[in-house]
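Two complexes follow with chain A in common, the first pairing it with chain B and the second with chain C.
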Partner chain A sequence: MSLDRARPLLLPLALTLAFELWARLTHLQSDSLAPPSAILAALAAALADLSIPIATRDTLFAAFAGLAIGSAIGLSLGIAFGISRPLDRLMEVTVEAIRPIPSIALLPIALIALGFGYRMEIVIVAFACVWPMLILTRSAVRSIEPRLMEMSRALRLSAPQRIAKIVIPAALPRIFVAFRLSAGIALIVAVTVEIAINPIGLGAGIMLAQQALRADLMLAYLLWIGVIGYALNILLIAAQRRLFGRAALAGDNP
Partner chain B sequence: MNRAAILWRVASILVAAGLIAAWQLAANLRLVSPVFLPGPDRAWAALVRGFSSGDLAGKLIGTLEHMAYGWLAASIAGIALGALIGSSKMMRAYVAPSLEFLRPLPVSAIIPVAIAMLGLTRGMALFVIAFGAIWPIVLATIHGFAAVEPRLYEVARSLQMSRAAIIGKIALPSALPDILAGMRLSLTVALILSVVCEILAGLDGLGQWVLLSARAFRSADLFAGVILLGATGYLTSIAMSLVEQRLLAWQTAAR
Partner chain C sequence: MSIVAMLDEARAARRQKTLIAFNAATLRLGGKTIIENLDLEVRPGEFLCIVGASGCGKTTALRLAAGLYRPTSGAVTFDGEPITEPRREVAIVFQDYGKALLPWRTAAGNISLALEASRVPARERGARIEALLRKVGLPGHADKYPSEMSGGMQQRLQIARCLAQEPTTLLMDEPFGALDAMTRQGLQDEVLSLTHASQTTVIFVTHDLDEAIYLGDRVVGLLPHPGRIGIELDVDLPRPRDQLATREHPEFLRLRRQLFDFIKATEH
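And now, the complex of A and B:
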């Protein structure tokens, strides 16, 4: 059992050790690589002087604000399109025309309209989060047991009541899967916008470290961004299991 | 398509046309400053002008080239790597968990590292695109290999097929739907990373076009570039669907 647990860690540990040894033996001098010990030292230093925690706060703030706005829009549109087939059909061409625009292509538009800073990043993240939320919510609402909808009609529930009491509870497990996907996308888009142009957050931090030729700090940022992404994913999967049980993972294709 | 479906489609196109008319009206009434929001007429004129006299066609080809080279390299390497890992129990146990750690990593974070190694060059862009596009394909291939019907492997063993034959004749065909789904995901990643790399490294492409248009406040050119990027995303994904239908036709027929 203990071996089974340790097995996945073996490869990364071995690689790290080999790399450390190689770096020590060749007295590595490089603008792009640094020995793992130096990376960890740089990470510890940047955590201690609060530069990484502040950058993390900025990135997560922009990512979560965008996620909140984008998923609220995607959720309402998804519920509306899921309930009303005619509305869905009428909006089909519009949705299909806007959805394939890569979110990052909006960057220059957001830049001239809003300037640098949180606002433009939030807008781009929100745009990216609308689509998975809309598509998955729509299909979740459509797959609600039809008898539930018949019953709500028999009980003469008004439309808001029907949405609050039947549609959202029935579709919630799959909506949460959509939310989890969107949260991953939000972080990716936020970091990408920062790397491309926006001078705040983790993405700007890693670009600065690169321009300062601090390979150790740059790789420390990379490691930290990986940890954040991984932690966010683990947290959301745990929340999903907690809230909806393992059943919620069934419809989840990896 | 029956008649009702065609009617709905026409109605849906009319709605989209109505929204474009509303956009035109908003631009004409100057509800939003024309510096930020050109009307569709100006965006269209910029698109036509860019193709007839400017170098918009060249930029479009540049982006398509970056995307295609990076994506193809990622597809070949990704399927090979995925097959290598997926076909061996030992590799699955030792290597696959490390790959799961890479899955939620924002791949664009690799860009500074690539810049430090390769400089602001085309090679850097292709490396980043291939690196970003490879993971969905590798993970999908491993998943597809792991999900192959075990009885097929038993048949292969009793026929004494070699490992290469098992991969080529059994595992790859049955993992094909997963692999194609991974390649479709990678296509989007490749487009996004192409644009980001063109913005950062100033490479010939639509990314550079939209950034320069924004810097010069030429919003009509900017919208023309964004429309082209949307069209690129749309058309490549349609092409991918056609390929998928074609390659998977035997599967639906077999069921």
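And now, the complex of A and C:
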């Protein structure tokens, strides 16, 4: 049992050890690589002097704020477009024209309009999070059993009641999958914006380490971002399982 | 007596005799005439059964009466007013109970939905839900989810939700079509006693001719393509009906024969 669970870890562990050995034997001197032991030491130091915890706070704040705003917009639009075919057709071209714009391409405009800092980053993250939420919510709402909608008409539920009591609960498992997807995107986009230009958060931390020619610290940041992303996903999967049971996870990977 | 008063009285008398009326109702959907010139009057308190071959427009006729469709021409009226949208005093029981119940709500929660729609205050709901569950023979199942209930129980639950609307009229679309014979007979008698006690008007669609005669005061047979009335039979069988005695009654057998011949003829 415990051996079974440990097995997937064997390969990465072996590779890390091999790399460590190789780095030591060749007395590795590099601006882009560092032995695992040095990376871990740099990580510990950056955690201890609070530079990584502060950067994490900044990145997560921007990512979650953008995620909240973008998801709310995507959810509302997705529900509206899913319920109303005419509205969906009216907006289709607009949506399909805006959606392919890479969120990072908004950076120059956002920078001029909002300057450096959280606000600009939040706007770009929000833009990126709107689309998966909109597309998946719309299709989830469309696939709601038509009989349920007919029943809600027959019971004379008001439009807000219909959305709150039928549409959202029926689409919720799939909406949550969209939220999980958006959360991953939010983290990626936030770090990207920080690497590109914004002088806050984990992305800026990587850039500083690079400019200081600290390969160990740079890789320590990378490792840490990986840990954060992994933890976030684990957390959301656990939440999903708790909220909707295992059945909800079955239709996860189409 | 003035003319106006006489006219009023005549109108009142007519209204008493007809609750739901199809007046030359025609419905076209997607370029196809599904119902044509349907004339049908349902009296208050009457139990009307509609039979007919598959695809002849039974469900569509029921949807017109429910206000889920509007006629392309002609009129469908309730108590003299055109039906433009679903009405609170008209409840509809769907055949596919599995799809018409909310799987994420318990039995109590599903009944509650109808009370929430009527804006019944939360503190009054509990007692009413309990009474309704008892009424349809599901006491003690309040906390079960539809997926934990048998088909018969789920259909009872749907009926309870409809009764929560306190309807004067029940529209039932092959409600027992998916149930086994024993469950079906039990539910037939329950629906009869539930609706008889409250003088509820019922339009009951079924493809089971025996069921139609057993339940109905009147049976209407529809002809297909487009849907229109082909036969109308008054059922003069004593009430309360009895699963054995009624079905052996000579009149029952005569009506059954007549209806059977009609359906057979429409199938060719």
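In the analysis below, the second predicted complex is superposed on the first by the 250 of 254 C-alpha atoms of A that agree within 3 Å, B and C clash if a C-alpha of one lies under 4 Å from a C-alpha of the other, contacts with A are read in each partner's own complex, and residues count from 1 in each chain.
One rule holds for everything that comes next: contacts are C-beta pairs under 8 Å (C-beta built on N, C-alpha and C of every residue); 3 or more make two chains touch, one makes a residue touch a chain.
Since the structure is predicted, the reported quantities are computational estimates derived from the model, not experimental observations.
Peer 1: Does chain B (first) or chain C (second) touch A:L21, or do both, or does neither?
Peer 2: Touch status of A:L21: no partner.
Peer 1: Taking the superposition as given, does A:I98 touch the first partner, chain B, the second, chain C, both, or neither?
Peer 2: In the superposition, A:I98 contacts chain B only.
Peer 1: Please determine whether it is chain B or chain C that touches the greater number of chain A residues.
Peer 2: B
Peer 1: Go through the superposed model and pick first if A:L13 touches only chain B, second if only chain C, both, or neither.
Peer 2: Neither partner.
Peer 1: So in the superposed three-chain picture, is A:I197 touching just chain B, just chain C, both, or none of them (first/second/both/neither)?
Peer 2: Once the two structures are laid over each other on A, A:I197 reaches chain B alone.
Peer 1: Just to be sure I read the superposition right, which of the two partners does A:R147 touch: chain B = first, chain C = second, or both, or neither?
Peer 2: It touches chain C, and chain B stays clear.
Peer 1: Which partner does A:A44 contact after superposing on A: first (chain B), second (chain C), both, neither?
Peer 2: A:A44: touches no partner chain.
Peer 1: On chain A, which stretch or stretches are contacted by chain B in one complex as well as by chain C in the other?
Peer 2: Shared contact residues on chain A: none.
Peer 1: Going by the contact rule at the top, pick out the chain B residues touching chain A in the complex.
Peer 2: For chain B paired with chain A, touching residues are 8-9, 11-13, 15-16, 19, 35-36, 93-98, 101-113, 115-117, 139, 143, 188, 191-192, 195-196, 199-200, 206, 210-211, 213-214, 217, 219, 222-223, 225-226, 229-231, 233-234, 237.
Peer 1: Please output the residues of chain A touching chain C within their complex, sorted ascending.
Peer 2: Result: residues 145, 147-148, 150-151, 153-158, 161, 165-166, 169-170 of chain A touch chain C.
Peer 1: Show which residues of chain C lie in contact with chain A when the two form their complex.
Peer 2: Going by the criterion above, the answer is residues 66, 68, 85-88, 91-92, 94, 96, 99-100, 102, 104, 113-114, 116-118, 161, 165.
Peer 1: Which residues of chain A touch chain B in the complex?
Peer 2: Result: residues 7-12, 31-32, 89-94, 96-98, 100-109, 111-113, 184, 187-188, 191-192, 195-197, 202-203, 206-207, 209-210, 213, 215, 218-219, 221-222, 225-226, 229-230, 232-233, 254 of chain A touch chain B.
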